[in-house]
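Have a look at these structures, which come just after this line.
Consider the two complexes below, in which subunit A is the common component and subunit B and subunit C are the respective partners.
Moving on, here comes the complex of A and B:
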């Protein structure tokens, strides 16, 4: 095989940027997690930052919140996007594009924009959500001031950010199922429910796994929504791992502990992302 | 369904409907522009988003081309080293990168906002995927005709890769225009803020809006370029979303 030395020049810029802004910080992050570090102080403490986590009630709350948000978001998002995609994929091209556009719109806006709209929607006295609920006779809910509803609010908002692209992905998968298979099943006497469960579901499985994995990885790293809606509150009810990293780092300047939480996150995300790569890259679309 | 369309309506009709402001007015925009350096923020956002996108597309295409079309020692290993970075959460390196960039003297500078965001393993990966489909005969033929490496890249690879470059640029611009966390922590003075951060610091606290009208005016300003990009380049969006996912 012909070896081409010029290749190194082509990849040099990428490696330069990756080294300076990714590999070095990553190494420093793991190193820093072994220190009790503030703005000016730095004292080696070994694994104390990690040991301390176990006895910190806030840590367990943060883990609980993270998993509630991840599970809630994955279930809600996957269910809704599949349901909507199935509902609209039989429609005419025009209607399909219209719904795709409508659902994708919140996703293209900056998170900040939709967050501000949602803060308004969630407002207990003049927000649209409580107004709609009041039409159904439901008393006002203080969405962002109660732990459970605040988490739900975060999940709902982030769900609308992700929904559009997942509907598009499901539609692509649904449209790729050959019509002849449905016809064959119909001739064999399969009803609509059977056709859905025995043809559609198995054939869109790879896409479902892809969406499941990417949503999970994304759901572990929700920060902007929490920053905008609740700032981790009320009473830490929406503080997840990434928000804690931010809070420890930039509110309390406990850099060592913040880095330790970051390393913990790495330990959770890395295996999931690795799985995504190993198993899904074989079926890559371009 | 009803809820979904209602949310979309919510984002479209940001200027408050009648029960808040009874007559349509530009007052909110005027307040925003007079009270805050909105033009400066917009300019900052433009500078950052355009520079990061341009830099990222260039770096990614160069690397993607080498990984797709060239043979060299350590190719597999180097490619994997880049891909592994996709599995590292941004929040893991957030704190150390902040300290490091500050040590480099880039705190509160454009360079500090731009340079760290240029490398994107995902873009390199997509560029490589796309460029493996370019025929090697074409490249060899050009080389036989005496084209240099730079000429091959500029006159063959770049024109063929236009759809790729379009997708990377559009998604890059949209992502960087709305980038929030990094520009937030790496800037300190109001004049260095990007538009989304400026608007939020001016108009909102967590969970509450200081002035709904002004917030919505700000939100509209942030969203406007994205709508323009979206409407102009609609056809690339579906491609951009399905790229890098999997075959159904």
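Moving on, here comes the complex of A and C:
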């Protein structure tokens, strides 16, 4: 019993921190969504903000965009970071460090700075990407002027931010897989592909689930990249829920409506993250 | 001896306290100033020893959020110097002190036509305009000389020219393999530039200060937008308008890739960039009146400016001091101290000898045709700007016809007021 009590003491600082910076603001956000709130005014309106949100012509579009960006980013980021980690984890320590550093670099630069670089890269007239395509005889692509390519541009940019840390995590997981397992598999006649799918993947599953959940949650919350790169366009093609929260709250000072969108996001993220942890963790093998 | 020392300390302390009590402290917020502006603040302190001016410099990108948070906390600055597009929101929220009691009859006559109205919200003059930049039209004269059409540029005092001559120059520039002009619609920034093309056809965002409905969807507006789309299609302007921002456009301009332009950046900045080796090309930009189709009168000048505003909730004494400082910022003395070759005056009577040839022309244009209404005073200023660029995107992307895009935009603006 005493031991239990001391455990509570150990988690108390974290609990207090989470309460002040997470639970209380979360509760306030939900509470605010029931008000028509301006800068200094508040009027209780019940669920009117949610009704208004549902009748907004942009509502389904922002949900659709959010999911396209999330799915695109999760698939690309998870696939690419695993691929790169597998490709470099057999290299020498020096080369591994070099690649870790190289891929981690965009993640430690300020988002605004890397956004400016990407804006230049995507510029149709003098951008790097179109210049490289032109060397292969491909005509210029108007990356940010068409909905599909604009969404792809956002996904690509955010992927470079996330990639570095995920490669490091995958490398740590890969290096932790006992070499004896591969040796045993080799003796049993398993080829490289079989070893990858029957040994590597199951043994790095805890890390994969962790990366999957954090990428998913992070992808739902993308704002900076959209703000800098596309301003939600063209024609709302990259306007996601968080960008709409920003617009409503910080541009138009409609804090109640912004909070309602925030609650919507919570209602989407929470079950997905719960599902990922609850059901994918069941299949973990150590 | 000890007693004497204590009494002396008390006397000095009380004296200092009395001196401090005589001073009124005002909190002033603005973006990071340059040395000239810092000198001007020091000058104000010397001229007004009864005011303790406490300045806080906040990065411009954070200024809006910082003021918003201060307002929600009930502790805004006393005086704020910021862009009109941001301060108008505080005025619309009812947070700003009316300032008309500081204006004289001469002031009403002296401000550029339309300036008083555009700085009045809710029936009150709430912001002193200053740091004005012009959004007219400029031609790269170097390119025109290369194309052999420099003599077509208007030289008479009003620098008026017809749409036909304008297109003749455009064709010649296009012949050099350079885009005569360019459009952008990625975001709201630089909206005035796109609106100059609507002005050429006689369309405007608002008429008679009625912000409840836009007039951009007029017949002239639809014609203007169709013309812009056609120009892109015919290679007069770069493609991909929906994904281009004003910054992309400026970059193309300073590289000499675009020949004519709505004015979106300052000559001084270009010259400074050239001196510092940031760019290797400073075009000879020549300001002209907007070419306009037959029957359209000379359009008003689109301008952007900063403002000095005073927040409510101050004691009478403090309020008087704040107004005095705000008035100083919006006055001729401060204008003179920080004037540049293209820093336009807010009043007609200010001495403009220091202005460049272009600056003088711009001042004349604004004095005669007045200041164009970009909707700063609308309570939905930012919403309308956001809706406007989306409408342009939809039209340029071919998702909607110009008429449909502009009508939908007009409907959305009207809906904001419901």
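Quick notes on this one:
Just so it is clear, the second predicted complex is superposed on the first by the 237 of 286 C-alpha atoms of A that agree within 3 Å, B and C clash if a C-alpha of one lies under 4 Å from a C-alpha of the other, contacts with A are read in each partner's own complex, and residues count from 1 in each chain.
In the analysis below, a contact is a pair of C-beta atoms (placed from the backbone, for glycine too) under 8 Å apart; a residue touches a chain by one contact, two chains touch by 3 or more.
Given the structure is predicted, the values throughout are model-derived calculations rather than measurements.
Of the two partner chains placed by the overlay, only subunit C lies in contact with A:251; subunit B stays clear of it.
Put simply, more of the residues of subunit A are touched by B, taking subunit B and subunit C as the two choices. Residue contacts after overlaying the shared chain place A:125 against subunit C, while subunit B stays out of touching range.
In the superposed model, A:40 lies in contact with subunit C only, and not with subunit B. When the two complexes are overlaid on their common chain A, residue A:223 makes contact with subunit B while staying clear of subunit C. Residue contacts after overlaying the shared chain place A:231 against subunit B and subunit C alike.
Of the two partner chains, subunit B and subunit C are each touched by A:144. Applying the stated contact rule after C-alpha superposition, one finds that A:92 touches neither subunit B nor subunit C. Contact with neither subunit B nor subunit C is seen for A:191 once the two complexes are overlaid on the shared chain.
Touched by subunit B in one complex and by subunit C in the other are residues 119, 122-123, 126, 144-145, 230-231, 233, 250 of subunit A.
The touching residues of subunit C, when paired with subunit A in their complex, are 64-65, 68, 71-72, 74, 89, 93, 95, 185-188, 238-245, 247-248, 251-252, 255, 257, 380, 382-383, 386, 389-390, 393-394, 396-397, 399.
Those residues of subunit B that touch subunit A in the complex are listed here as 1, 4-8, 10-12, 14, 16, 19-20, 58-60, 62-63, 65-67, 70-73, 75, 78, 82-83, 85-101, 115-116, 118-119, 121, 124, 126, 129-130, 133, 149, 153, 174, 177-178, 180-181, 185, 196-197, 199-200, 203-204, 206-209, 212, 215-216, 218-220, 222-223, 226-227, 230, 237-238, 241-248.
Chain contact summary for the complex, subunit A toward subunit C: residues 38-40, 119, 122-126, 140, 142-146, 150, 230-231, 233-236, 247, 250-253. Interface residues of subunit A facing subunit B in the complex, by the touch rule stated above, are 1-11, 13-15, 17-18, 20-26, 28-29, 32, 84, 87, 100, 102-106, 108-123, 126, 128, 144-145, 160, 163, 165, 168-169, 172-177, 203-204, 206-207, 210, 220-221, 223-224, 227-231, 233, 241-242, 245-246, 249-250, 255, 258-259, 262-263, 265-266, 269-270, 273-274, 277, 280, 283-286.
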